[in-house]
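Next, two complexes with chain A in common: one pairs it with chain B, the other with chain C.
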Partner chain A sequence: MGSNGNTSSITINLNGNDVDVPAGINLVEAAAIHGTEVPHYCYHPQLSVAGNCRMCLVEMGNPMRDRGTGEPILDENGVQKIGWIPKPVIGCGTNVTPGMHIKTESSMVTDSREGIMEFLLVNHPLDCPICDQAGECRLQEFATDYGRGYSRYVERKNVKPKRTRLGPRVTLDDERCILCSRCIRFCQEVVDDDVLGFVDRGSFSTLTCFPGKELSNNYSLNTVDLCPVGALTSTDFRFKMRVWFLKESPGICTESSAGSNILVSSREGVIHRITPRRNDSVNDSWMADSGRELYKSVTNEKRLLTSSVESQKCDLSSAINSAVTFLQDKKLGIVGSCHSSLEEQYLLTKLAKTTKAKKFLRGHFGDDDGILVSADRTPNLRGTLVTGFSTKYPTDDLTEISEAIDKKSISTLLVVGEDLFNSGLTPDQLKGVSIIYIGTHENATSSRANVVLPSLTSFEKSGSFINRSFRLQKFKQAVPGPAGLLPDLHIIASFLNALDQEKEQTSDIVSIWKQLSKSSTNPLHKIKYTDIPQDGIQLDSTRWSDLDFVEKKAMHFSPRKLNKVTQN
Partner chain B sequence: MAKTVVLPREPLSLSERTYLPQIVTGLKTTFSNMFKEKVTLQYPEEKPIIPKNYRGVPTLVKDPNGREKCVSCQLCEFVCPPKAIRITPGAVSEDDNSRAHVEKAPKEFEINMLRCIYCGYCQEVCPEEAIFLQEEYSSSGYSREEMINKKDKLYELGGTLPDSHYKWDKKKSAEDDGNDH
Partner chain C sequence: MIKKSTPKERRIILKHADDPNYSNKIDCYLKNGGYSVLKKAFAMKPEDIGEEVLKSGVRGRGGAGFPAGMKWKFLDRKSGKPIYLICNADESEPGTFKDRQIMYKDPHQLIEGMMIAAYAIQAKQSFIYIRAEFFEGARILERAIEEAKEKNLCGDNILGSSFCCDLVVHRGAGAYICGEETGLIESLEGKRPNPRIKPPYFPAVLGLYQCPTIVNNVETLCNVKHILEMGGDEFAKLGKPNNTGTRIWCVSGHVKKPGYYEFECGALTLGEMIYDVCGGLLPGRSLKAVIPGGSSSKILRADERFTGKLKDGTEFDWGIDDIPLDFDGPASAGSMSGSGGIIIMDDTVDMVEAMANINAFYAHESCGQCTPCREGSLWMRKITKRMCSGHAREEDADLLLSVANQIEGRTICAFGEAASWPTQSFIAKFRDEFELKAKNDHSKPTLQLI
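Let's turn to the complex of A and B:
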């Protein structure tokens, strides 16, 4: 791992200039801090150092001292001599020491790189036109940047299997593998599922699964992202789209409260894949395979695309108008969602205040895998606490509503995204209750609802979530929503405007945030939406220390730490 | 401001007023051309001779063995300045022995001839030498849809061109000759 936690700074000499770098880091990182690239394949900042690709060779020297006395050896100008090591050293496996001299651009280094590139390319197939990695391939990049530019190899290249199935989601192209072992180390160190290894020797070396095992863990697709070449390919994305067409937009994974940072890659409004975005405080460089599938819900056949009133299709504005008449009911209940963004939850809280409605909330829980899929399967449960939609921790059902209905204190329900019928309510109970449904996909509630208002998925809108460690993170719209649909924010804001004519509610996120951050007791106090950095802001969670959060200890998250912060 | 100067017009002479010398001069050109070699073509009955390297309608070609050459790398789609090319990539089935090792082929290949500007970048960029701007220059249709050349039409227009590389065959022979691991 890149840093050992020591933050003290030391001075090294990089290509003739004295520069300050943090102590304990390796030469690849030290050079990167000062804008010098040391090309590397096998080294990854979040994995152990293997040092087997030899691409990061640099020249290194240390100030000379007399072996007997320990006195510095000076040259004729009185400056301490540098003892250059006659052979290059690997940058990834060498840590900085005070006074160390490094050359990353000398002729020896250039020759080494050309030599390594030549060996790597000897048996590498000329597959770039059909390779999914082309365009984001380290081998391609370094071949142009540091390669010789021509091949001296006239013999026939090796031919290896092209479509080895390593697991349900990963396909291996043996020919392209450069034996960097990143995938092996990832499985061992991050997922703790040791299934990959090299067999055979020399040019026969092959990446393979151990007998009787397959790469089927829920993090297998990270090996595809890690692979510096196109050897490991995603079976889902294989041959679908060339990467240079893809527009990447920063998002947050909505699978669980872990809130993995993601990049949503789309072309002309169609999402083609989801990859992790590095955030060292949340998900390092990883994400779960299950989260990568979520984009398929955007074009799911169950997607709600038209608004309707009493099962009659109509345009959105008339659906909103008839929803407003329902909302004027004195016995209104609002079912919020932990899937909604922070801004939506805030507006919903405001709506509940205006209409004096009862608020209900359902949590969705599953198993905690201890890495990046947490027990809380919603992205923004913490948001309901911070916005004040809910003060207590939700349960996995909505039986509270059935009690309220039985007491006849509710006759209209505004439901955001939840399905009442799998939350402990029966059709008989809801017979006399009018339902307004805002959601992205069809379910039993939407087909029963009096008014259905289709809304947008998290890929089609911007907003923010608060993850399990109370980290506020924002996501950006990646693709435009289906024609005629409006974001939840707009729908709820038009409810507010219709119900309370005096105060105008905007649906603009930046303006909503001005209202959100007004209260000085709220942890969002003084935060501007535009100022939230791409890697998020850690919020103060003291107020919710008594709640029993379901998440277990996982990557960059410790429930005890959450409590400890609260005790202070 | 510039001053406007009105130039006096010279009065026409007698010969100029009759226009006869001018008509005779004009007819001289007409008659001299009547006896020269014909340069006009009776298009469309007569077709011009297309010079070498002419950039006509972009087409997809097959190799001399009748196999599809395009591997749907989408570089032409990327380089196309007016965005006339649209490719849906697809996979070659593993059992297709004639195209062993190729793995990829276009599922659909469309060139919108209403957008194409005949620049030839697609031909230049193609790593597989699969797309060529050949001699065909005239394309017409009754609707916009008709002006989009689909994969079948593109192969029909392209036909077969000689191949000096047989890139993928070389790979197959490497496998057959014991470089198989």
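Let's turn to the complex of A and C:
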């Protein structure tokens, strides 16, 4: 959570042990730092405190002082007495104070948790066998710890709507809802789109959209992630897969330069969903709905699956060989990509150096939504700066090439991912130009290319990106690519090896990083790929401070200002 | 034993309530010396008024009995934010009907009290939050405020004192929870009346619109006027130490003369109230139980003995008739004087039915914000309803008690806890009736294993 640079720590007593915790945090966080879980539903570190689930009740006491004199009251051993509060207090809404005593395992606490757990379950449908949340459900988890194992409830359960469409992507099962209000607070506080609320009262309270509104903002699926139970479900993922079959790999969202951290969930090589991964320096715990759809491109019908030379299908090695012949053209141009990983951009820069080719780059820009979809719609524009592929800020087209063609200084183009024909170039201009295309999907350029080399999506390879705030973050291969396809790194390394037989270029990321981090003028200096932490490394960006980045003020991540509980 | 004479009422707040020649118009109020105390107040420093209220020892008449002067002391005056005064007129505790009498019959008394209080705490905006069902009350108050504004007794530059305080009547929408002060504040802000978590949202610091706010009951605010009129020390002589002033008791149930009665605190016992003031029980009936302070307070059984030590150290051994009617008396007997709603039950009452009635109220009125009250109150209602419809089980008494115990002490607001107190006390004192229900019944649902 937002530390204000104030990291003073205080000592509290947690279950009989004195421990140090940062000042000003709440009891749930304080206990978590020391490995003690305080179960909770409504509390979320990045939302305001509601205090309504009552699951995080703990026993709390403060050192006693004489009310008149302010002197500490001591017991017979000369130790300051603790004034235990006779009722449990909520851990989420209570902040630590020096000398505070907390019990998270006492009989009062266990008794409270068991009571709350029973109450939460009396009107819950207990339909875990058909519930999407099963396996990642907080209700299930804490029921194992604090549930009764049988029900004392012989009355009829409440009946509520089972499949309410809240918006285009979210379906609600009201019977499962435990009314924690996380989704309501998320929409109000993070997205600033007040659409959800409760109607009716007491146990009949029901979550719903306000009249005439629907949950259609581009962050609606975060409510599904936030929901501690199976009430809010993703319409896309609903009833498709049991979560325990899913393998989760850490990835980076390629939708924009925000670089939201994600988890890619797959089973047997097929991706089933994308969810956000918490990184407080980048995306808190959120991501845009649009970014979650990106995995669908993996199995898109436009996916390039076979290499070809002059529109004739061939195997990859012969395609690479014929590409190498084209690359020997002295009038070579290389069109790099802001979608490529840092390592790919580095090898491409190297290739440009070896072949003395001209380098071109196109940016892809859109509107900034003020949250996690930034104006730069590529994940790694800053990578092209750091690797030296480009020294200036790209424009949203490639008209520079047409000038070079007009000057007859280009007769061959190696294109990575971009489509020349929607970048300001016409088929006529490119008539005499040979094109080698490396990319994942068909486009007008691949149809026109002399050599087509299919490559892998960011879900099928590992690497790193540099996001809008110059944060270096790595992503891991989630699924294997289609049979016979190699990553860009292999393809470019083969080019380099064919063109310069003296120095062997490896396509191994760790080895490439040894070369990348050699230069002391580069911000990547001395960084080892294996040492890049899961939440990334902030790079020094002063060198590029005079560039006019499209993100403008949104360049650095700033969490929404929350109306958090503050105790004075 | 010599029969004492019937205790005499001491009407201060309800002085004119039953006077056929008295009306709720401002002329009548002014004729009877109205608004003279407000003039007196403006001659004083605001903080001195607060001191008088503190000296008077007046305790809140809404239910919790917290000293009003102390509440004012907690007000955060240094924040620089506006200060608000709210009159809690959401009188909705079952068995209570005192504020209604004041508002309907003597609205200007409340307005005068509020203007004095607003001046004392320097509030420029004040509200009367009135329960939805008091249609007529809201109309009367609105008219009264108009009258007061015309006579420059409310609004801008009151009585030429340069003090301004607007007064607005805000009608609720029919929810018991709006009587909880933070729930009331949320409702006044236009939101769902979910009570706030405390800490940090104590109204005196972070109240209406996150500004310092004082919320007082109708009767309490009327008392402010009388405190200032007679002086804090003089007011403190009414009643008993720590139980100062008069209280309006609302007696309902099986007595001959139910109604509202204003007495000095501790001036009479529960027995005197029932048998002397209210004319005793109906012919041929005997007393079974009393709920002394609105439905939330714990029930007292007619044949119980209450023993223990009072705060001043004196030991007591009371029967139900001996319980003094003040703040501490019912509290010493393990219940509370609450909002002053005394409910008398005679031997014709089926305790399980009575319990079912109370539980239905709390299940209907739970706001649904926090888990224990939301689920617990409805569960208790379902159990007692089932018991009354011929499906009681032996284990139901224990189950009810267990559910109630799981609510107590774990809710956001005191109203949540209040939902559990009736059940706890009914089971503790009338367990035999709950168990008897099971014995007399036929088809019983069995325990459901999952």
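Methods note: the second predicted complex is superposed on the first by the 546 of 568 C-alpha atoms of A that agree within 3 Å, B and C clash if a C-alpha of one lies under 4 Å from a C-alpha of the other, contacts with A are read in each partner's own complex, and residues count from 1 in each chain.
Please note the rule applied: a residue touches a chain if its C-beta (ideal position, glycine included) is under 8 Å from a C-beta of that chain, and two chains touch if they have at least 3 such contacts.
Predicted, not measured: the structure shown is a model, and the values here were computed from it.
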item	value
Room on chain A for both chain B and chain C (clash or fit)	fit
Partner chain in contact with A:537 - chain B first, chain C second, else both or neither	neither
Which superposed partner A:239 touches (first chain B, second chain C, both, neither)	first
First, second, both or neither for A:126, with chain B first and chain C second	both
Arrangement angle, chain B at one end, chain C at the other, chain A at the vertex (C-alpha, nearest 10°)	90
Chain C versus chain B, contacts on chain A by residue	C
Touching partner for A:160 - first (chain B), second (chain C), both, neither	first
Which superposed partner A:197 touches (first chain B, second chain C, both, neither)	second
Which of chain B and chain C A:118 touches, first, second, both or neither	second
After fitting on chain A: smallest Cα gap, chain B-chain C, Å	11
Residues of chain A at both interfaces, chain B in one complex, chain C in the other	126, 156, 158, 203-204
Touching residues (chain side chain A, partner chain C) in the complex	49-55, 57, 86-88, 90, 93-94, 112, 115-116, 118-120, 122-123, 126, 150-156, 158, 178-179, 197-198, 200-205, 565-568
Chain A residues touching chain B - in the complex, by the definition given at the top	125-126, 128-130, 134, 156-160, 162-163, 174, 203-204, 206, 238-242, 244-245
Residue ranges of chain B in contact with chain A within the complex	71-75, 77-78, 89-91, 94, 101-104, 127-128, 167, 170-171, 174-175, 177, 179-181
Residues of chain C defined as touching chain A within the complex	175, 192, 194, 197, 199-200, 205, 363-372, 374-379, 382-383, 386, 393, 399, 402, 405-407, 409-412, 445-450
